[in-house]
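The next part holds the structures, each set out as structure tokens.
Both complexes shown next keep chain A, but they swap its partner, so chain B is in the first and chain C is in the second.
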Partner chain A sequence: MPKDFRIWLGGGFILLLLLAAIFAPLISPFDPLEQDLLSATMAPGQDPSHIIGTDSLGRDVLSRLIFACRIALTVAFVAATLACLAGTFLGMLAGYLGGWWDATISRLIDIWMAFPPVLLSILLVAVLGTGIHSVIAAIVVIDWTRFARVVRAETQQQARLEYTEAATALGMSRGTILFREILPNVVPVILVLLSLEMGIAVIVEAILSFVGLSVSTDTPTWGGMIAEGRQIIYQAWWVLVFPLVTLFLTVLAFNQLGDGLRQWLDPMLKR
Partner chain B sequence: MLIEAQKISLDVPDMGHQAVFGQRRKLRILKDVSLSINASETVGIVGESGSGKTSLGRTLLRLYQPSAGQLLFDGQDISSLSRVEMTPLRRRMQMIFQDPQSSLNPRHSIGNILSGALQLHGLDASEKALAAILARVGLPASALQRYPHQLSGGQRQRVGIARAIALRPDFIVADEIVSGLDVSTQAQVLDLLRGLKAEMGMALAFISHDLSVVRHLCDRVIIMRAGEIVEEGRTVDVFAAPKTEFTRNLIDCIPLPEPRPGWL
Partner chain C sequence: MAPTLILSRALSAIVTLFGVMVIVFVLVRVVPGDPIAMMIAPGASDADIAALRAHYGLDLPIWQQFLVWLGQVLLGNFGTSISLKQGVLTVILERLPATLELAVFALAMALVWGSFIALVSTAARGTLLEKFIDNFNGVMLAVPDFIWGLTFVLVLGVFVPVLPISGRSDPTIDAGLSSQFYILEGVLRGKLLFVWDVLKHMLLPAFTMSFPLAAVIGRVLKNTMMDVMVQDYIVLARIKGLSSLRILLQEALRNAAVPALALTGVQFTFLIGGTVITERIFSYPGIGNLAIDAVINRDLPLIQGLVLTFGAIFVAVNMAVDALAAWLNPRLRHA
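Presenting the complex of A and B:
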């Protein structure tokens, strides 16, 4: 069992969000899209049923916050996992096979990382059209390089250890060595990166929905709520602040989980 | 003649020099080395650090491809066989590594390490067979569930030996296998190796810089320096009457059990 409180705190918060996203229709007090102009921009506590207030169209902020978890977490989990699979696969090939493979994949990564990421994602979404699929595609296309670079370096280091040579001496094929011998030793690094990448994916999704390039505007997202709240910041601060704090805490939770995992899974630090 | 090397050379890319264009400069670390090892013979390969003895051992097992010369295993030319073509021969030649800490995969249990080797060559990998192999190297069957970091250095090296003998090979290269162990553990591991050798009768190339160990273990000895063989012969002959200055100096470096009076 990990002793690190960061794993429990970060993981706990993410679990909470996950439950909120799954059971959103059951736990949210209002329909997130239901407008009620008579109770627009109500401050938190002004009406006991709207716990953290309403926005300029009278929609319940808490309900919108809860429903927005669905988009945020879907993007976080799906995009980060896909980026991880693509990046890990290419990184392992480059790191283990070396030579021509390494040269090609490494140059590809260098070129890829020279593009400004925000511009590239906006461009991608503009070409693919808005929607959750495009957001996920944009994140995967941009961020596989993070995994590829780190996994390549780690694979190279593992491949130099004598257990890979021992496996060759036993007559194992390269594929078996890569997946049976090296992969289990690279998994800790991958898990840590995966959790950090989920935090990044949440931010990217928020940026894209802030500029209106994520899902359609009638679906609540944290970025979209922040964009709406920004316009009425002097009249109704809560419309901006609550999604902002939730976003902040979510990314913090993913990062803390990642750091905690790094400490916990590193055999050198553990022993 | 089980293993025969005829004028083999080994080049490796020189990592200290990066060419802007074209290939890296090559460094020749083995120069026209010829040697032969008979079935069930123990040959010591001795030399300073950097003399190429480890590279020689690995080239004999075709872990490295010789850049020139011919390498015969049991009469078959293996000097340019591909990885796949080598696979069936791998069962017959094995290696024991210097550092059992890094030669055993930290993420696999001992049972997993041994069964992986056996299954690869379609041999019996039942719990009973694994326990029998561990018993041969003096480890309890309970070690099967252990992971390498849960064992002591000596026990880890026993696992390294177990992995090599599990396939019942005809030829084993033992590369400085005791240099990472303390003196009493060294003696135990060497006793074990000698016992297994007598019992199973495989040929052994014993790479070491420790002449006193080689003297007790080996039938024949090969002295290497800077990638070349400087002297070779029966152990008793070489130690009794070294032919070259270099060998004489090496032998003079063996610490005496009882220091000469007035040594300090």
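Presenting the complex of A and C:
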């Protein structure tokens, strides 16, 4: 059992969001899309049924906040996992096979990381069109390098250790050594990166929906709510504040979970 | 700098820019299908389309098309923006000064702010203040600029309304400038009131953009300064009776500056990338905001022009940083 409270705190908050996303229709007090112009821009507490107020179209902020967890977490899990799979695969190939493989993949990573992510994501969304698939694709295409770079270095290190040598001496195939012997030892590093990447994915999705390049505006998203709140900021600050705070806490939770995992899984840091 | 070094750096810049061009060409011209469809105004006749197709050489093989396209781009012919019905180059040149002034302002702020953090924390080493600053630095780094920007809008623009949160200047002030370099021209013409107003509008977006960079600069500068502070020549300076402040500024900061500056250069490109989202948050009329509108409107000629502009800026910044590093560090001059 990990003793680090950051794992429990971060993981607990994410679990809470996950439950909110799954049971959104059950726990939301209102339909997140239901407009009621008679009760538009009501401040928190003004009407007891709208606990944290309503937006400019009279939609319940809390219900929208809960439903928006769905997009945020879907993008976080799917995009981070895909980026992780692609980056890990290429990183392990480069780190274990070395030579020509390593040279090519490393060069690719260098070029990729020199290209500013904002430009790449603009170009990608421009070509692919808006929508959740484009958002996920953009995150995967841009962020696989984060995994590839670290996994490559880690694999290289593991490949030099005695157990790999022993496995080679026993006559195991290179594929078996790579995936059966080395991979389990790289997994801790990957888990830490995965958690951090999910935090990044949540932010990227929020930014893209803030500027109107993510899902269509009928689907509630934190970024979309923030954009609406930004427009009526002088009349109704709460439309912006609550999704912003939720977004902040979510990113913080993924970061804390990642840092906690790093501490817990790394035997070098444990001492 | 040795001539061979300049030559090799210039060559690598050209190669990078060429790479950006290839990527833009592939993504914008090859992937979406018919490139003519995005160049013509809606409702053009078949004859117009055929003329355009011949004009751009679209019956040629793809590598020849690339060369033709490259020629057009090098001549500054980026086509016409679909959504704005103006030449792409005209639109970009009109908005570019706003972004450049903001980015330079933000960079200056990050340098001052980062150095300040490093100096105070080094001076206060071993105390609670050092711990506090280090933790604050960690928070500055961990929270993305998107959240910082919106927090500033909320706190300093709405709850305690001390600073403007939209636009570049007060529209009621007519400064009668002829260029878009508001600060530069305003200062040259002595319109200080107008410059002050523009600066006030730039303060929050620049602060937003400078935060992550300041945190990085502060951390690296502090680490190198801590290393420097135990060196013999610092002890000597102390024995000579120099004041702590003078030692910190003249001896430690000067020697710690080189690695921090090299890092600043790399991070500056990220700061320029950050203009896109920051300009959106603060409704600031620069090319970042323009880029988002271009993507929303699927204005491919404009996107293409903007990406090339950003690419050119990145390459220019990198070259400037290399030159600066070589100038600051004598060992690199003959490398």
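By our rule, the second predicted complex is superposed on the first by the 268 of 271 C-alpha atoms of A that agree within 3 Å, B and C clash if a C-alpha of one lies under 4 Å from a C-alpha of the other, contacts with A are read in each partner's own complex, and residues count from 1 in each chain.
By our rule, contacts are C-beta pairs under 8 Å (C-beta built on N, C-alpha and C of every residue); 3 or more make two chains touch, one makes a residue touch a chain.
The structure displayed is predicted, hence computed values, not measured ones.
A simple residue count on chain A separates chain B from chain C, and the partner touching more is C. Of the two partner chains placed by the overlay, neither chain B nor chain C lies in contact with A:K3.
In the overlay built on the shared chain, the residue A:G171 is in contact with chain B alone; chain C does not reach it. By the touch criterion defined above, A:N255 reaches chain C but does not reach chain B. Of the two partner chains placed by superposition, only chain B is touched by A:E162; chain C is not. No residue of chain A lies at the contact with chain B in one complex and also at the contact with chain C in the other. Those residues of chain C lying in contact with chain A across their complex are 16, 19-20, 23-24, 27-28, 31-32, 142-144, 146-147, 150-151, 153-154, 157-159, 165, 269-270, 272-274, 276-277, 280-281, 291-292, 294-296, 298, 300, 303, 306-307, 310-311, 314.
Within the complex formed with chain B, the chain A residues making contact are 161-163, 165-174, 176, 180-181, 184-185, 267, 271.
Per the touch definition, chain B reaches chain A in the complex via residues 58, 61, 63, 83-84, 86-88, 90-91, 93-95, 97-99, 102-108, 116-117, 120-121, 149, 163, 167. Residues 111, 114-119, 122-127, 129-130, 203, 206-207, 210-213, 226, 230, 233-234, 237, 240-241, 244, 247-248, 251-252, 255 of chain A touch chain C in their complex.
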